[in-house]
């Protein structure tokens, strides 16, 4: 093989340049799309974005007023959903990763189920929520505790939250399992070699190290929860409510659903368009804020783990 | 596989003797080691040498039942710590590991503070007061020759220490529970020569109080550090004797060939 | 199966080199012994002078072998049989060099003797010389063959040389008592006999070292090891 002169290597290679160009352009395209959406929304939405908008209820058939109930409802939904999904998802992941025999048939079936659950379309979750939670579970509760009166057997905050929880469960499970796998086996061995039981190793060494990863799962769940609309259609979201929900069996307004409502059910499309834009802006801002705060918390936890007592 | 040639030292007086009888280890049905018969004398350093895959690490892990953490692993035969059996249906592996500690090849401190690392073994054993823990932590760090370097930063993360310090921290962590035996699996192989020398000096001192069994692929280290040396080859114990004898006049030709570098 | 050669070929080569050079030195020393006896018997002054000059080569080889041994010790950290071999080389070289020096001493006495007429026919001295030469050759062969039994046989032959020396000494004593003119030549001859006897002792040392290398047993100074040290009053 002849040895190339060193000077000749300085010529830029055609393949390198082409790849750089192609990937750069693709990145720019993605950025451009995001920028266009943001710019459009911000331009049209900021005029209507006042303090009143954020704190008042809608008036005049959605053509005036604010979206506070929708904000309240979204936050309540997300909180309840997280409360339901995180413990169940984390516990499942811990069992699958730490205790179950990976080659046994039941374990593999559970994993297959989890993976497939992640691919189910969200409208199907909505139908499931309607049939199982609202009609079956709710109806049974009503029969047993309320003598047939309709309290839980109808769209409600709790059923919507549970439906969303099931939807985000696979995300939490997978993220937690990843986080548990990321804990290197040598610290587990070190703990075992010091005479720790499996329980002690998991609670004192593995889980603390896996917390940032579990939080990631929480973040992803939260993001989906704030944005998904289809599962809520039949399970609890309402078009307009005079009062804020104050029990679990109340219905609620939700930002994403509100956008849909404003875009399709408005008597006067032009009048409501500014509100529509403003609502979209709020929804985007809320999503970003939720993500950002969770990422912030996660990075703080990472730093604390790496250099702390 | 053949049985061993053991010119075993006698076992009177010091405690912390390990008696190994007909120990065999199987991975997934395939025999990886044994049968091995060996008397490891207490309060001395015993080195296990041999080429890769000869079974020395498997043997080491059998002494504190760490092999049980590997799925598909089966152990036959017996190991006794002084007169107490290490294996058996009535014996708790967790309790065994509190009496027989282990230090690994690559240091593996927890991502916690230096104090919390050393106190970990004590805390899982139920000890809790900060002052009582503090005393034991200091003793352990002193025995590991690390106290002077870290006494002012016990609450800082262990991950901020150098490689050699981290390894000594892992040793301190193992010493804190005051075991009878310390097992070391190539403890200095990831360290530079100066850090290695510190560890070897430390091993020397540890032998005053603990029984030390160390696996090493560095024969000069085995020669420097140990009182007795055991040579393993292909899952068998070939020879076990006082270190000066092994390295000047081994009785088995396989041992001679290995330590002089006559391996094919 | 294990190979009996070191995996590291260069190391194997170094050990081989060491052995070869040692054997060459041994054969040089053998020659010096032979030549010094020949110079005595034949009253050959030029041969004696050449032999004395040839000692320089042996001295140089001592230096070379010591250097090579040290190098191997430093670089290879030899153990077990290799270690015994290297330490043996270091000691053997010293003994060989001493034997060569004794050969030079013999030649120096020969030069002195050749200035005078021969005192008597030489019978026992050549016998001693041949015995010593043969012992040395045997030791070197035992070393090459790693044969401890042959080495042990050499140790026994030392008594033969000692007996010959006693005989020579008695005979020379009578010559000296007979006639004062004989004293000069007789003392020279007695020195030569002494040198030969010491050569035999050195060769016996070599034999003990070969046993150590092969068997790993240190057979030197058996009397010191059997009886614990009890200081006797020397008065």
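For clarity, chains are labelled A, B and C in written order, and residue numbers in each chain start from 1.
Just so we're on the same page, contacts are C-beta pairs under 8 Å (C-beta built on N, C-alpha and C of every residue); 3 or more make two chains touch, one makes a residue touch a chain.
Nothing here was measured: the structure is a model prediction, and the numbers come from that model.
Greatest centre-to-centre distance from subunit A is found for C, with centres as Cα means. Taking the mean of each chain's C-alpha atoms, the chain whose centre lies closest to the overall C-alpha mean is B.
The interface carrying the most C-beta pairs in contact is the one between chains A-B.
If each chain is reduced to the centroid of its CA atoms, subunit A and subunit B end up 48 Å from each other. One inter-chain figure worth recording: subunit B and subunit C are separated by 51 Å, centre to centre, where each centre is the mean of the chain's CA atoms. As a whole-number value, the distance joining the C-alpha centres of subunit A and subunit C reads 93 Å. In subunit C, no residue touches at least two other chains.
Partner subunit B is touched in their complex by these residues of subunit C: 1-8, 11, 77-84, 216. Across the complex, subunit A is touched by residues 64, 66, 69, 94-98, 101-102, 104, 106, 108-113, 115-116, 120-121, 123-125, 155-157, 159-160, 170, 173-174, 177 of subunit B. Residues 219-220, 223, 246-250, 253-257, 259-264 of subunit B are the ones touching subunit C in the complex. On the side of subunit A, the complex with subunit B involves touching residues 184, 186-187, 189-197, 200, 204-205, 208-209, 305-309.
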